[in-house]
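One structure follows; several queries about it will come next.
For reference, chains read A, B and C in written order, and residue numbers begin at 1 within each chain.
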């Protein structure tokens, strides 16, 4: 059996049996390795609990004596149509943005994997939109969207009356900016994953006369799923919490068309100084993120197992 | 007034929290026990009384203060002058800057936490209504009245009366502005009037409108969408800032009022028949002769369009349009002129103002030094210097003597600016009824405008708004 | 350039391949146009910044202003200092996340120990917290313990951004990594630790490169945390860039664009230097026989 194993540094001069490690220590190892990672972020737990606690008070800057109000804030918020409108906007945004970015990202990764001329030239610049902070991207796109002096209406010949950020168009435009910024994130992740896949199964399949499409569906996709799902999880979670560029572009308007949950929270807490109301929004947002992440992670687990199975 | 900081529990509270769980009964006594509402740190009292002896600029020599600012021509004008302050007083100043869009987020957090990182800061009048009640700001009246702390020639009354009134309130519903403590000293301010493209107007042989209906007609006549030109720009974004400049000014001129006091409750009257009529016309003006993306327009967009020649008029702050006429700043520099805007039906020129003022953090550890800074920055000498040397000008100075003196000299290239100012200044102050839910209710007002722009019926929408606002205004204790 | 080798089932110039190239081209036009436009904006003077499209007189003045003492006067921070602060914060954050996260990812990826999924989910869950929820209490606490406006404070807070990303990406790589190579090293007498360092780690290099790069970028572009948690001493560059917008009358989009371009250079350099580790890694397939 000849292998092309990676070159190894010479074995140590003194050959000895490795000392047997007691079973309990071996069992403890993974926990020991993982604890620092959890610990270092535990410090964040305290402010988080504090922030969550405000949701149970009637804390606002003008309230002289905040008192515990139990679930009153939640009752008020959950019966407020503005809140549910925010939930709708946020979910719509997250789902559409994530789906578009995943499809585009995977597509781009596959196309780049072909290493065509165009691909190799442009692969270097794939990452560029990620280099611009979302806040700044919001400013730049805002300038481009402006019907009066924006370059988009000029170049696309839409005249000075087409409003990219009007009541019906605003949500699509902010999603467009999200796609512009974050599709490269998905593409890079998936591309790195594709490139680390073993070549063997594909070569074997080709010898058997399989078409590219068959190979993609049966071999590549199952093996890529784990990488795709990591990208999906991160994108979905982040889009649920989206704030930066949307606030710059529309401040949640017109009306409530782009008022995502974190924007609503910001307006309550920071602008109106109603800390408790803002905290309630954010607590509920956290719950939504938690539940969807839990679901997506279990899907990831299943995909992982299927991928491991298909490699046999 | 004692200060109340953002509450953070100590160890005892955390243990109790974990034990108590969700029981409401235990919690209220828990909160009372850990002093929620009476401040996490030591009660901070007004520092003016401690200052004794004769006045001396070097009374706080060696101190170091930090000030929080946001980019603005006022800040730019004063940056080089800070060294002079240090020379005069021996106090070093560290100036920190926060982008305009985030300024109040940062200021909020700073003040609420009681951290005392900054001794003095820039503030707008409406923010006093929310930062004042929790005791985050130091009352400056005792400082003004303490001759040991204030230079005898300071002449506080030299500052325009409307400005002095606007930064003073006693935080009681129904009390007008001008009662209670002095929470900030006006540093620079702006009136809301019309700025228009004089060259274009002269070319067409027209003059700015004197009544609101004429203004509407004029703007519509000037609008030519095919050539990307429109008549008048004003703000429309989803923010309280949309209501406060041109809208509130003309609203008041037309005889409307935002709230009426009935007994000890305020009732919203932005849905009175005159107000509905005015609002409807205002929104239609935006549709017919305003920017296409009106619901996103903030003042840089408005002034930018004026400067580029796309809009022929702007109804907004005079200090915002002032820089557009400085050579090199915009394409239309040199072609602009100012006008008070349409008078009300009875000929009144009621005008709403905005003032950037300087205030002191009640948690400051260097109050005397901070007061010396505020005093110096709003003094005749410093303001005069800023007007003369400020890179983007200094519009408008808050002192009558400085306006009549140094500032007038600079207005040669700003046709109509002085006449406009002199016409409106006597009736310029804050036209809003002071109330602690200002931002919530005024933002809702802007949302209502956006909804009417989107097609909702004005009367219905404003009735809903008035109902919600009346509840919100009277809710705060 | 040498002609690329064709994968199985691929033909060189088929309609499909031309179509594929067109799609790629379309994406890159969409992707690069705003950046090109941003560069143009950075080259415009104040008067022309919004009144012109493609015909204008270019100037490099804006870049000079951003980096000079004039820029410092407009933003109250020296731009090169801000760049340095960002570099320290982000490199520090990524290094800390790697040092602590790689063992955790390895443990979860190689050994499916009991509770590994829960630990992984806990790490991920720190990303759930909306920033605004934690920012105000965090501000209070940082002031109390003296971490306000410090590099250490920012590095710690940035762990919220970098750690989950690094751990989760690397776990996938460790899961895919075949155990045989490590076993072989162990049989040769290596300790577990050396086997890990000499064999496992190099195998997941593409993963480390991708994770570190993405984590660095997200840390670099983070805005809300430095906005609230830093003051005048340790201002990072993203906060400094927005100050150039100005206020009170005129917005300086051209200066902001110039500043944003300069601020994007360090992450770009990092991306370009890591690129070669992102290419096809050591072929696992060779071992599977």
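The rule we apply is simple: a residue touches a chain if its C-beta (ideal position, glycine included) is under 8 Å from a C-beta of that chain, and two chains touch if they have at least 3 such contacts.
All values derive from a computational prediction rather than experimental measurement.
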Problem set entry | Top chain pair, ranked by number of contacting C-beta pairs | A-C
Problem set entry | Remotest chain, subunit C as reference, centres from CA atoms | B
Exercise. CA centre of subunit B versus CA centre of subunit C: separation in Å?
Worked result: 39
Problem set entry | Gap in Å, rounded to a whole number, between the CA centres of subunit C and subunit A | 14
For this session: Pull out every residue in subunit B that's touching 2 or more other chains.
Result: 8, 101, 105, 112, 304, 308
For this session: Note the residues in subunit C that touch 2 or more other chains, in rising order.
Result: 50-51, 136-137, 141, 242, 245
For this session: Could you list which residues of subunit A touch at least two other chains?
Result: 50, 146, 149, 266, 270
Problem set entry | Touching residues (chain side subunit B, partner subunit A) in the complex | 4, 7-9, 17, 22, 24, 27-28, 30-31, 36-37, 101, 104-105, 108, 112, 130-131, 133-134, 225-226, 228, 230, 237-240, 291-293, 295-296, 301, 304-305, 308, 310-311, 436-437, 439-440, 443, 447, 450-451, 453-454, 476-477
Exercise. In the complex formed with subunit B, which residues of subunit C make contact?
Worked result: 45-48, 50-51, 73-77, 135-137, 139-141, 143-144, 148, 227-228, 231-232, 239, 242-251
Problem set entry | subunit B partner contacts - residues on subunit A that touch it in the complex | 50, 53, 57, 59-68, 70, 142, 145-149, 159-167, 248-256, 266-267, 270-274
For this session: In the complex, go through subunit A and note every residue touching subunit C.
Result: 1, 3-6, 8-9, 11-12, 15-16, 18, 27, 29-31, 33-34, 36-38, 40-41, 43-44, 46-48, 50-52, 104, 107-108, 111-112, 114-120, 122, 124-137, 139-141, 143-144, 146, 149, 151, 154-155, 180, 183-185, 188-189, 191-193, 195-196, 198-203, 205-206, 210-212, 215, 226-227, 230, 233-234, 237-238, 241, 243-244, 261-262, 265-266, 269-270, 275, 278-279, 282-283, 285-286, 289-290, 293-294, 297, 301, 304
For this session: Sort out for me which residues of subunit C touch subunit A in the complex.
Result: 1, 4, 7-10, 17, 20-21, 23-25, 27-28, 30-32, 34-35, 37-38, 41, 50-51, 53, 96, 100-101, 103-104, 106-108, 111, 113, 115-117, 119-134, 136-138, 141, 156-157, 159-160, 163, 165, 167-169, 172-173, 175-176, 181, 184-186, 188-191, 198-199, 202-203, 206-207, 209-210, 213-214, 217, 220-221, 223-224, 238, 241-242, 245, 253, 256-257, 260, 263-264, 267-268, 271-272, 275, 278-289
